[in-house]
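Common to both upcoming complexes is chain A, partnered first by chain B, then by chain C.
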Partner chain A sequence: MSNFNRRDFLKASAGVAAGTAAVGVGGEALAQAKGAPALNLKPEKGAKLRVLKWKRFVQGDEDLFNANIKKFSAQTGIEVRIDYEGFEDVRPKAAVAANVGSGPDVIYGFFDDPHLYPEKLLDVTDVANYLGNKYGGWYDVCKTYGMSGNKWISIPLGAAGATFVHRISHMQAAGFKEFPKDMKGFLDLCKALKAKGTPAGFALGNATGDGNAWCHWLVWAFGGRMVDEKNNVVINSPETIKALEYAKELYATFIPGTLSWLDPNNNKAFLDGLISVTNNGISVYYAAKNATDPKVKEMTADIGHAPFPIGPVGRGTELHLFTEAMIFKYTKAPQAAKAFVTFMMEKEQYEPWQQASIGYVTQPLKAYESNPIWTSDPKNTPYRDCVKNMTPNSFAGKLGYASAGTMADFVMVNMVAEAASGSKSPKEAAERAEARAKRYYKV
Partner chain B sequence: MSLSRFFNNRNTLGAVFMVPAGLILLVFLTYPLGLGTWLGFTDAKIGRAGEWVGFENFTFLFGDSVARLSLFNTLFYTIVASIIKFVFGLWLALLLNKTLPFQAFVRAVVLLPFIVPTALSALAFWWLYDAQFSVLSWALVKMGLIDNYITFLGDPWLARGSVVAANIWRGVPFVAITLLAGLQTISPSLYEAASLDGATEWQKFWHVTLPMLTPIIAVVMTFSVLFTFTDFQLIYVLTRGGPLNATHLMATLSFQRAILGGALGEGAALATAMVPFLLAAILFSYFGLQRRAWQQGGSDK
Partner chain C sequence: MSDKAPDTAGMDYLQTLPRRWVTVYIPMIVFLILLLFPFYWMAMTAFKPNEELVSRAANPFWIVSPTLAHFEKLLFRTDYPQWMWNTVLVSVVSTFASLAASVFAAYAIERLRFRGAKQTGLAIFLAYLVPPSILFIPLAAIVVQLGLFDTRWALILTYPTFLIPFCTWLLMGYFRSIPYELEECALIDGATRWQILVKIILPLAVPGLISAGIFAFTLSWNEFIYALTFVSSSETKTVPVGVVTELVEGDVYHWGALMAGALLGSLPVAVLYSFFVEYYVSGMTGAVKE
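Showing the complex of A and B:
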């Protein structure tokens, strides 16, 4: 995760502002806004809100989030106190708040969180419909995460998206003009890169972010899935085996040591020029762009971003760090909390925030595809479609304790790692994953 | 009148003075421990109170290959690390007990690994063991001893060895300094007497030092085993339990299942399952090592 200081932020936003002028305001969003039903919120008098959000991955996120909060307080007179916690600490805190019935009014959680205690969350269907109508609709995956039955229980904020970050010159030296879009092409690329001594590297340790992201993508791409629509465990399937056999071939092209890799390892290795392809957020690119070390800065122009290749299933099967705002029923100011969550998602706040976060968070609402951040630097563009191409971590079953537990226990990552490294045959690895997943999905 | 009599009574006054300490123990030790144990017998999830399920969590864990692996890892980690820490610690203590130049300074320096916060020293080890940036690998390559970087944390057995080594580095000073304190309480007259009897250095160690030191050894090793058995930070920073769960200890797995995975009951059960092992370690050290007869030169029945 790169550090992005205030000065960098100013530079970046200046560039973005120039971009806006050139592109002009997207007419589409405005046209839709006219037909949108108004949202009638009556914030409670003298309301005070406490908000808990995950700690920034890039500095601009926090700067602009705070600025937007200030703006909200100035416009509404509602006092907002915000706390930031490490992203892995949010889940237990939110769960305790839900359990005890007191704590922050609004919590920005991750993945399955709203589905662990859906009955403790405020119905925000009105907010979701209002925002959806106004801003071009929610991507499909947002409905999976945001809705329980036919009502909305959380408002998606977006996802910290990842792409295949690669070195263009290395790719070209290996004989590829552009980044492969299918699985076979990708394997060929990795083999060629290995032969040139500039290998790929993907995290296979217990890496919460990067490991889960690419291992789920791989298995899903071949049609494997942890569970079916009725939450029956079906991971031990011919499709999964195919994916694992592929993983084994792919692993042979990796730099040594990926079994030990946690989330930061691939960033370090990439920026040191040791690997040519990995899956990561936009942070590697910005770390290079803002580097003081000339050797690293030189790399900037050579960094390319490509969407995850598409497998035999014929559609995007990406997994990204999805985050959503939850309002708890215990809040004394539900209307004010709704107003706050809505305010932060409105164009005037959301777009500048996204820009300050240098595109680290991809929007859940389609209208923000036109945010100039995605086009002001063409290298940002692939990150625009992360949520569009995303598959929910519970695929193809329901979100809840079982899917949350299975992912937290690295069942998918361990399976891929076991098969890839050859410590287990693909068949054995799939059987083991099946046995482990069944424990979570027991009735 | 009666109040002053009440306060003049030694027994009641004693009880009154003990109340705060008793309350603190009750609230901050007994209650959490009891709650944790109770949770282990429920199906509590984070955010949802559980219902009593008896031994279901335990049978579930017993059938779980990762939980069994974590038990093996924990035992391996504890036994290997503790034995080596004891040997090195005792050796270091004996060396430090000799008259050295800059004695106080050297003794203080030896304690450093123990003083540095674990999370920080773990980070240092994380760099040392890095698959790409390890200075150890770098040095060995430059010396021409190896061709490829060692993936310290990438191979299951290598990773187990690496985390044990890091734990030893951190734990030896505690053992050494405490044993040194023990050594200094041994009366020189015992050694003089042994010399007069014509004892060799080895015999002095075996028949004087070691027996006199056993009570301290019992205490130090109990602590050392407890610390090692319940270690968390080192693993969490270095490997998060990887590769392939080869370094997952019961404590780290318990955290992963209970907090990150949301299965509070199961995590609590895993933590509770550590208690019998810890009790066994304590009982062993107390009944096994604190044998008066042996200390006083006699032999056990």
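Showing the complex of A and C:
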């Protein structure tokens, strides 16, 4: 059994703070760390934890996460059992756990999950304040996802960020020295790439990650939004129509077949040399870097990453696969669960885990911007700011059942696909999206 | 019958070779291609090396350098053998349990003719129409209360919720095709209801039982949503959930190993079908003639 007690935990926290100072994080973070209140946790005697997390995106993620768990158990004596599920299968399992009041003590979910059953989750305000004070504060979007009213109901782990992955040589051959930063430039680039026979390709099927990411970005970039601040459905707007007209022009530059693409299709097409630009996580670069096929490996140096271009709204409108830790009230060891979640977010664990994940997960805490993973390879750097530039999927309304349902039903993606392919006019596509979204938001 | 010599030519003039091609061979070839192509694709992908899987230059319908690497990964670097064992155990036990319950239910509804028998039959059928995506949360609550969460028993006991209605409905139809006279003769000879069921009805209903059994086995073999939500530990997962968990990493799908898993996973069902195909067909058509 554990001999871990409050004093030990405070000692461990002090050690972490000292370590933080030694390696030197951002000045703001350090200043706040000095004034950070200690976390007063008393893990229960004989506590055992069960954790459910999404299956790795890259091998290093799981290896380091497991190593950190071992470290936690060694330091605290708390036994932790972790199970993994595919990232799209975590939601039903979490819903069952919340509804029946039994299951894993900690679940790493996605997007709106904590807002589907906020009353079933443990208040983790103390943990969030402690981490926020110590590590330079949370990005704004983390507060949106993590808080319900004035209290924190989940601890953000980060987001599987995406950028515009492109072939540098193809871009240059098309007459562009660097990746465009605005919508007009991006459309011009795609047209030029198409003319050169090296087209772009973006998923327009029901792709949970890639499809949602780029379609939301596109509509938001022109000022369109699913709902207003009061959750009234306002997708059928002149701004959305502009975005859909743009999508139609853009789609004409794509490789054929993108209407049926799911998440893996653009990875395969890119690595096969069929497309020159797509939106994706760092996995394409990782796959090329570690490829045994010399042709694919050669591609590594030619792969570039660029942030999503900025639209007429004049700010970043990115959507990334956001993930957070939820502790359920039914847990018999709430203090141990909090200690576990805190431990995994501490610099000693979080930064090596981020490095092992080759930057697949972008941090929610500002201090981790200085993690060497973002600068050791310049191609990783664009992924560093994904959470900083992120907009919540519920924009501009509130997170909850309706926003989760609307995204799970691919309302935004289907609207863009219908308008882009010409199966519906932009106006008709927006009207259909409006009708579909209203079904969720009227509840 | 006519006393005239039989006209051996009959309507053979309609069965000319070109006509046979148009009415039999070509439709059958098209049907076979549609039916078998997914299996062909699955087998091709399972034996293709990764280089050929992602290469544009490679022939998508053929393999140049076949490999067993995907099977090696599946069998030795995942818990696949354990998932397979779990799937077999869960499917076999839940199928037999469901068949036993369904035989009693179907016999009672069809033969005991109690008041409300028809309505009961209809209600059982309606229960089959409730989708598992609605049932899994209330069922999960029961599973938790029984302390069966994350055990194979959670699946063995919940699969009959959709297997029993299906098998009962199928067996009701089959029992209906068995003549009443057989039972009446047995009753006159002094047989009890139990003896009639065991010694008369069940031997005659073997094709129907096999047919229902194969269907029930296939349904439990492929079941996903209950297996996903009622079980968490890798060592208690079934094949459909295990392969998806282990071989899909975010947006990277290990197609070779996934298809190898699907191929190995479909073999037991295919073998079962091939052994019992004749019974299966007669079970579907109601074989006992008056």
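Keep this in mind: the second predicted complex is superposed on the first by the 411 of 443 C-alpha atoms of A that agree within 3 Å, B and C clash if a C-alpha of one lies under 4 Å from a C-alpha of the other, contacts with A are read in each partner's own complex, and residues count from 1 in each chain.
Here is the rule we go by: a residue touches a chain if its C-beta (ideal position, glycine included) is under 8 Å from a C-beta of that chain, and two chains touch if they have at least 3 such contacts.
Owing to the predicted nature of the structure, the values given are computational and were not obtained by experimental measurement.
Student: Once the two structures are overlaid on chain A, check if chain B and chain C clash or fit side by side.
Tutor: clash
Student: Once the shared chain is lined up, is A:48 touching chain B (first), chain C (second), both, or neither of them?
Tutor: Neither partner.
Student: Considering only touches as defined above, state whether A:414 meets chain B (first), chain C (second), both or neither.
Tutor: So A:414 only meets chain B here.
Student: For A:70, decide between first (touching chain B), second (touching chain C), both and neither.
Tutor: After superposing on A, A:70 lies clear of both chain B and chain C.
Student: Just chain B (first), just chain C (second), both, or neither: which does A:92 touch?
Tutor: both
Student: After the superposition on A, what does A:274 contact: first (chain B), second (chain C), both or neither?
Tutor: both
Student: Once the structures are superposed on A, label A:184 by its partner contacts, choosing first (chain B), second (chain C), both or neither.
Tutor: neither
Student: Report for A:293: first if it touches chain B alone, second if chain C alone, otherwise both or neither.
Tutor: Touch status of A:293: second partner only.
Student: Does the superposition put A:257 against chain B (first), chain C (second), both, or neither?
Tutor: first
Student: A:103 contacts which: chain B (first), chain C (second), both, neither?
Tutor: The second partner, chain C, only.
Student: Taking the stated contact definition, name every residue in chain A that is touched by chain B in one complex and by chain C in the other, in rising order.
Tutor: Shared contact residues on chain A: 92, 95-96, 99, 268, 272, 274.
Student: Along chain B, where are the residues that touch chain A in the complex?
Tutor: Interface residues on chain B, with respect to chain A: 45-49, 60, 64-66, 129-133, 148-149, 151-156, 159, 239-245, 256-257, 259-263.
Student: Going by the contact rule set out above, which residues of chain C touch chain A in the complex?
Tutor: The contact residues of chain C facing chain A are 50-51, 54-56, 136-137, 140-141, 143-144, 149, 225, 228-229, 232-234, 241, 244-246, 248-253.
Student: Using the touch definition from the top, list the residues of chain A that touch chain B in their complex.
Tutor: 88, 91-92, 94-96, 98-99, 116-117, 120, 204-207, 255-262, 265, 268-269, 272, 274, 401, 404-405, 408-410, 414, 417-418, 421, 423, 432, 435-436, 439
Student: Within their complex, state which residues of chain A touch chain C.
Tutor: Result: residues 50, 52, 55-59, 83-87, 89, 92-93, 95-96, 99-104, 160, 209-210, 263-264, 267-268, 271-274, 280-281, 283, 287, 292-293, 295-296, 360 of chain A touch chain C.
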